[in-house]
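Every chain is named by a letter (A, B, C, D, E and F) in the order it is written, and numbering of its residues begins at 1.
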Amino acid sequence: MSEVIVQPSFKWQRQDGQDIKVKDWICPVAEMTEEPQVVVLGVPLSRSSISASAASEFPSAFRKSWELFTTYYIDEQVDIRDLRVADIGDVKMHTTDILQCHRNIEEAMQEVMQKHPQSFYVSIGGDHSITAPLVRALREGKRVGILQFDTHLDLRDLSNGPSNGTPIRQLLEAGVVQGEDVYNIGLHGFYNAPSLIEAAKHYGVNMITLKQMRSKGAQQQIAEVMAALQEKVDFIYVTVDIDVLDIAYAPGVPASTPGGMRTDELFDLLYEVGKYEMVRAMDFVCIDPHRDTSELQTVKAVTYAFLTALSSRYIRTIGN
Amino acid sequence: MSEVIVQPSFKWQRQDGQDIKVKDWICPVAEMTEEPQVVVLGVPLSRSSISASAASEFPSAFRKSWELFTTYYIDEQVDIRDLRVADIGDVKMHTTDILQCHRNIEEAMQEVMQKHPQSFYVSIGGDHSITAPLVRALREGKRVGILQFDTHLDLRDLSNGPSNGTPIRQLLEAGVVQGEDVYNIGLHGFYNAPSLIEAAKHYGVNMITLKQMRSKGAQQQIAEVMAALQEKVDFIYVTVDIDVLDIAYAPGVPASTPGGMRTDELFDLLYEVGKYEMVRAMDFVCIDPHRDTSELQTVKAVTYAFLTALSSRYIRTIGN
Amino acid sequence: MSEVIVQPSFKWQRQDGQDIKVKDWICPVAEMTEEPQVVVLGVPLSRSSISASAASEFPSAFRKSWELFTTYYIDEQVDIRDLRVADIGDVKMHTTDILQCHRNIEEAMQEVMQKHPQSFYVSIGGDHSITAPLVRALREGKRVGILQFDTHLDLRDLSNGPSNGTPIRQLLEAGVVQGEDVYNIGLHGFYNAPSLIEAAKHYGVNMITLKQMRSKGAQQQIAEVMAALQEKVDFIYVTVDIDVLDIAYAPGVPASTPGGMRTDELFDLLYEVGKYEMVRAMDFVCIDPHRDTSELQTVKAVTYAFLTALSSRYIRTIGN
Amino acid sequence: MSEVIVQPSFKWQRQDGQDIKVKDWICPVAEMTEEPQVVVLGVPLSRSSISASAASEFPSAFRKSWELFTTYYIDEQVDIRDLRVADIGDVKMHTTDILQCHRNIEEAMQEVMQKHPQSFYVSIGGDHSITAPLVRALREGKRVGILQFDTHLDLRDLSNGPSNGTPIRQLLEAGVVQGEDVYNIGLHGFYNAPSLIEAAKHYGVNMITLKQMRSKGAQQQIAEVMAALQEKVDFIYVTVDIDVLDIAYAPGVPASTPGGMRTDELFDLLYEVGKYEMVRAMDFVCIDPHRDTSELQTVKAVTYAFLTALSSRYIRTIGN
Amino acid sequence: MSEVIVQPSFKWQRQDGQDIKVKDWICPVAEMTEEPQVVVLGVPLSRSSISASAASEFPSAFRKSWELFTTYYIDEQVDIRDLRVADIGDVKMHTTDILQCHRNIEEAMQEVMQKHPQSFYVSIGGDHSITAPLVRALREGKRVGILQFDTHLDLRDLSNGPSNGTPIRQLLEAGVVQGEDVYNIGLHGFYNAPSLIEAAKHYGVNMITLKQMRSKGAQQQIAEVMAALQEKVDFIYVTVDIDVLDIAYAPGVPASTPGGMRTDELFDLLYEVGKYEMVRAMDFVCIDPHRDTSELQTVKAVTYAFLTALSSRYIRTIGN
Amino acid sequence: MSEVIVQPSFKWQRQDGQDIKVKDWICPVAEMTEEPQVVVLGVPLSRSSISASAASEFPSAFRKSWELFTTYYIDEQVDIRDLRVADIGDVKMHTTDILQCHRNIEEAMQEVMQKHPQSFYVSIGGDHSITAPLVRALREGKRVGILQFDTHLDLRDLSNGPSNGTPIRQLLEAGVVQGEDVYNIGLHGFYNAPSLIEAAKHYGVNMITLKQMRSKGAQQQIAEVMAALQEKVDFIYVTVDIDVLDIAYAPGVPASTPGGMRTDELFDLLYEVGKYEMVRAMDFVCIDPHRDTSELQTVKAVTYAFLTALSSRYIRTIGN
């Protein structure tokens, strides 16, 4: 029995048959008979946010949305149900000790890796602070590259603690990751202070604006980043801060902005990402269900993005 | 006096003059002196929806939005007021007997055709179940093609009755329409279960994803479909399920999704559709005004789409 | 002490340092030691709207949003803080006498010009009726060109008073501006009555639809308009009616429509506009904060657009 | 044909029979064969509000709510359909000239009185500024008492024009009404500035707080006020500012407050008011449908209150 | 395996211990080892509503709210966890055949009674049409009294089918219940048409207005009704239409009204009701979660009311 | 310059004159020339909440609401502007170290006491965890009584850290306060788990349900509690958890419930509380502005309550 992972607070009544929903397909790990290929881990922490956030409610909202999706991806005419995806539950959190929460996240990720060393790991935040302990756990002495989709650099200094504005800075300062191995796609507008640009330049972080990505197209942009990373690192971690999306497409984030990415662009980018074997883990962070519309616009967008990334991953697997 | 068609519950105070609104232009059929070229029929039925829906309220919301639009289409520099459009009222519904409702819809469409045999018919749903009785009434032994804009195939089997998930299946099973004569444009994502894909393949329904349409462009896509259909069928029925639109553009539908069509794309597609004489009838379905934003985003989108389709139709008419 | 300009009802606690927000940068005019290059003037009038509007609340909402933006524009890698921007306060309004309000606006603009003859003037509405007194004040006997971003022509006749549907008509009828010097970009759909088209043609107003702009691209479109204007006029006034944006991107306007411009398109257009020295003044009108979403989608879009226009202006300045 | 009264912009499809709705009962005046006992006049003016308000939309929202109410008042077991109530339309408004609007209101009320000298007049605002021209029209040289239900005194001085904060002050300053003949019921909390209290004391306005009313009960409170007024005045005008209600019961007003009256208390008070023959006219003001909940909580409360006042009036009539 | 009852679509992860939530206490019937004292049955039908309604979603929303309540009732200082309450699932519904749904409800209730003949039955609607089949199933030839909390009489004639406006009429016309055995508490305002009053008088239904109840107090009012009923009937059915509550307390119903009951009054009334052994079954109907506030105001009120009724029932049990 | 207190992020443009608003009256402490009688301290901490909360945004929302209130209390006919109330700013918070935040709160309160030893202290939360450090700072070795208005006991054990469910438990366990000196008014319903009741009994906390308070009335209830406390303690601390209010009156709290207190009851209770000199400090906690209605219903209720408590305090002062 794990000390740091708890089961989610509700379980679906699962069904078998020709037409299953995502809720019937993603399996509580305890009920799985074969080794999972993908492990989903909930990380319900948002006390570490600079502004008030209910991102801690997202893992639960994410799971509830599974009844709205089937396993068939019509764009590529493929049923991905044979991909074995396990829901391993949520990292246990402490109410007032945020550093303890971060230690729990790191420990939980380690535990998951020990039990399922060959899996692809998808962590569901929570705010962006969770990326730091997740990457620390995953590294194991290897060289790790980070592909970040974000409107912000998340390079704030650590004087105010390991908040959601700092994950990349934490990893750089601790030497866990090298600046030249970080690629941020989606930057735009007036949302990054000069000191963060300075920090990015100091560490050598690669900044790719939304306009630059658009002029290349998703496929070529990802191909170029992957080519560069593959020469340098042992594996790649992908972190998706949903505030990279435009406020018209994702109102349910604490710092939603106009001028951001469209959902179809994010889906295309993640579909490309899923094609690369070196991508070992991924997270989705900074979704606040309390700010979402009554039709769950933002929650549905994340689940769609998640499934898109799994689809190309699955196609690659069966292609081999 | 019709048994199955009732006047809507409110009437506009109509005005004449240089600057009329759509409400002043579309005329109650009783007040029309010449034969109408277009007939609008309200079909306020949503009891037949699988999930709870207030789509029954849409014909009324649609009419109310007429005061927000003029008759001048600035994109093409044309005033379409000379097109004679009649509002013939709503199909009478029964509170508890849905099959009776469907019989009423079929009968009402027949009655409309008898009275106005040369008109173009636009039906305002209501949920998607209404398409089946409408097409049954229109067929009259001829071969009919269906051009469907939809995120879903609507090919569920009929074990649970003639619900909004089944209209195309009903028509296929009853032999009213042939699968090869059905073209669905706008499919995307994880919203169609494998059994529906099976059914589509079994019947030979033509599936065109949103991505495929985008890579061709609206004009060429419609041209290709029309060319194919014109060789096979006697006339074409167009059904627009508004859930084909992205949730950012049309939140007011019962199953709104991210990754869908933009409104400007739908307007372009329907403008192309209006150019073809073989298109005999059209419907707009699955809009739930109770889910719409306070600014009526979805309702306005449908009225705009409707007017766009009429514009090219009118231009074609005067061109002759 | 001005008779017609009042300080806004709250002041930010301003900060200095490496990372300042827009609120720390735009300076109350009284605290400025050098001559401002840009002057921001609030014009909180919306009683003159045809439909009920709270656009009078926008200058305050605009200023509050300044804490959400930094001075660094990452798309162009430039910090614009050295541009000297002064907030000069709000035009004083009368509760019931709208003509008095319009006289106050005109007088306030004159006062601003006398005090700051070399500045670039940005007025924050308010509804669109404010453009007429602003242009009257700015003209000073010169020939003025108007570049208008709008879904509507705003050429209603004046029989019902100088409302928000009439500013351009007022200026044309009074001979303040010539029709051939007015360029309206962004027209689309069924929102302009035939009489307005007539008026536009009568006066020779240049109508450029959204589709026409899209087929050219922002850069070329603006270049063409500027080239034409530069041959005719002494200076250019830019008026941005935020209802030019699509309802999905800017729900918080009194007449929001589907089929409109995207925010990224508006940002690109205004970035181009800022490159031209002949542009002497600009306004943003018709934003109703009471209709905006809880995440302030529309307010944020305007502030972003405003900053984009200042950025290219600043780059031009330092380039000289 | 009246110059200052216009028909509302929509008309109900009226029905006869055993079970009519209020919409089938209140009759357009043109369709009435007998002299009306009650005349309803819409006064869609809210440009005169100090803060932005869409109270101008209320007459239309009020009429639409008529389909939600029957004519049978179950509390008193009485069907009030035999009371002849006529809807005479809306006062014509000018878009930008507020004083003209006030003149139109006064003229419209005079016209109504000439045509229907024996009726009871119910005016539907609009903001509170409309009470002044209405009372001016009604007075005809007689002594008039005012019974006001309001959280505010509405005694602001006139330096900023005849806005919605001034109606009682206007009438007092012009000598149309005497301060001792004004009774304000429902005052509470921190919403009246000292200068208004001064003014109330100066003119001798009777201030009755909500707590005082509650300790007496509705019946006794109204009896006392009526007894006092009947000795002094020729007739009584009742003005109901819906902001007298608590924000939990009436969120849809521009200045809603906690600590206000409950709806059942207002219904009881107006039921008592309806018992007195000296009450010649009544208005309901300051309801902003744009601020109301999606379930129309505030609109429904006003219609209910209106019907309650008519019920006791009708019972008195038939009792004679 | 039941033909007409299905398990709800999700199950809670239940917990034991000192502090359990209602979700940990109410037990799926399959997991219960002793005979349940209370059986909860979901009845997700709202197609039978006259106006569009999502009351079919309420059984699910009701169950989800169980995690917000503990088993300790602090008003009476009692922990009710020893009361054995079973969740038996939902009645199976047909998508388009409403009469079949009603037959399923009747059959399901019969099945529940056969399996658990000694239990107290609580049905969770769904709209008010469900009361008719439920009572038909329960009667078994005995004389049944009905205590109804409702703003409406629900006595519409059956010409438009067995809708939610007709349940009491159905039972009276079929002779299942006698008019004199029906007591309706909570009537008020202008919401019952004359024909319904006629029907109530014809059948001898006892009408008790909200004002009458208030003047007596909850305890005495219930005592009087119970005393009268106990002399006449074999057992009592309680039906709670949540539209009996004021719109300020329960906005989430299709026909919410001002002037209704407060929640604390309903809790007091149901606490009294729970004291009487003759009360054999109860339902809660007409809650539409799609209309509820984001804080779930209406859903929480129903769960609170339900627990209050169980509390006095439990106290009575242990008192014996 | 304080280390732990920061100025709020905006300042009002203050005005003098006969009619000032609360914003013109409550003075930044730096601008005050005489010793303040009341000190307001913002405590923007809500990371310590068990469920996600934006209560950290409340001090700012509270201050913004000051422009909606005057200084004249019409219920008691008193202008309270001569009471000297200082706004001392907000306690400085750390982004990730919650224990540091609690230390800052304690230190800030100590600093305030040193500078203003004779004042009455009003702290504006934040969540309920702030009460513990505030009381610790205030005690100074004396015996302190606590009067708590709350739906919950807030006696959770400390195994999960000093969260918002624990403040009273913290104080009891640490011996700062004795159980018999704590009086909780407003308990109701099913919101306190058995273990908390156990704890309350173990420590001797006085539990007074809402029903008990109602049967006594506000005046007598407070008189009894004060009489009991005055014999035992040196001074009294009042803590107002706004979730004591009914969800219809205060939707903007993280755990809003039906069956709670009305605002007028809370105003009456706090008016009574203000009469007692022994009350040395007060806090208002657990208001989440993100959950409030667009009309700011909850925020306005707190400001009203705050002013009511100051009013009786002021009357007592001038009465001496």
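Quick note on the criterion: contacts are C-beta pairs under 8 Å (C-beta built on N, C-alpha and C of every residue); 3 or more make two chains touch, one makes a residue touch a chain.
Bear in mind that the values here come from a model prediction, so they are computed numbers and not experimental data.
Peer 1: Looking at the contacts, which chains touch subunit C and subunit F alike?
Peer 2: Both subunit C and subunit F are touched by A, D, going by the contact rule given at the top.
Peer 1: Report the chain whose CA-based centre is farthest from the CA-based centre of subunit B.
Peer 2: F
Peer 1: At the interface of subunit A with subunit B, does the proportion of residue numbers present on both copies reach over half, so same, or stay under half, so different?
Peer 2: Interface between subunit A and subunit B is built from largely different residues.
Peer 1: Between chain pairs A-E and E-F, which one is joined by a greater number of C-beta pairs in contact?
Peer 2: If we tally the contacting C-beta pairs, E-F comes out ahead.
Peer 1: Taking mean CA positions as centres, which chain lies farthest from subunit D?
Peer 2: The most distant chain relative to subunit D turns out to be A.
Peer 1: Centroid from C-alpha atoms only, then distance subunit D to subunit E, rounded to Å. What do you get?
Peer 2: 40
Peer 1: Counting only Cα atoms for the centres, state how far subunit C is from subunit E in Å.
Peer 2: The separation of the two C-alpha centroids amounts to 58 Å.
Peer 1: Could you tell me which residues belong to subunit F and also touch two or more other chains?
Peer 2: If we look for residues of subunit F contacting two or more partner chains, we find 248, 290-291, 294.
Peer 1: Enumerate the contact residues on subunit E facing subunit A in the complex.
Peer 2: 7-13, 67, 294
Peer 1: Which of the residues in subunit C come into contact with subunit A in the complex?
Peer 2: Residue list for subunit C touching subunit A: 18-19, 22, 69-75, 77, 79, 248-249, 263-264, 267, 293-295, 297, 300-301, 304, 307.
Peer 1: In the complex formed with subunit F, which residues of subunit A make contact?
Peer 2: Touch residues, subunit A against subunit F: 46-48, 50, 52-57, 94-99, 129, 160-163, 290-291.
Peer 1: Which residues of subunit B touch subunit A once you look at their complex with the stated criterion?
Peer 2: 187-198, 207, 209-211, 246-248, 251, 256-259, 291
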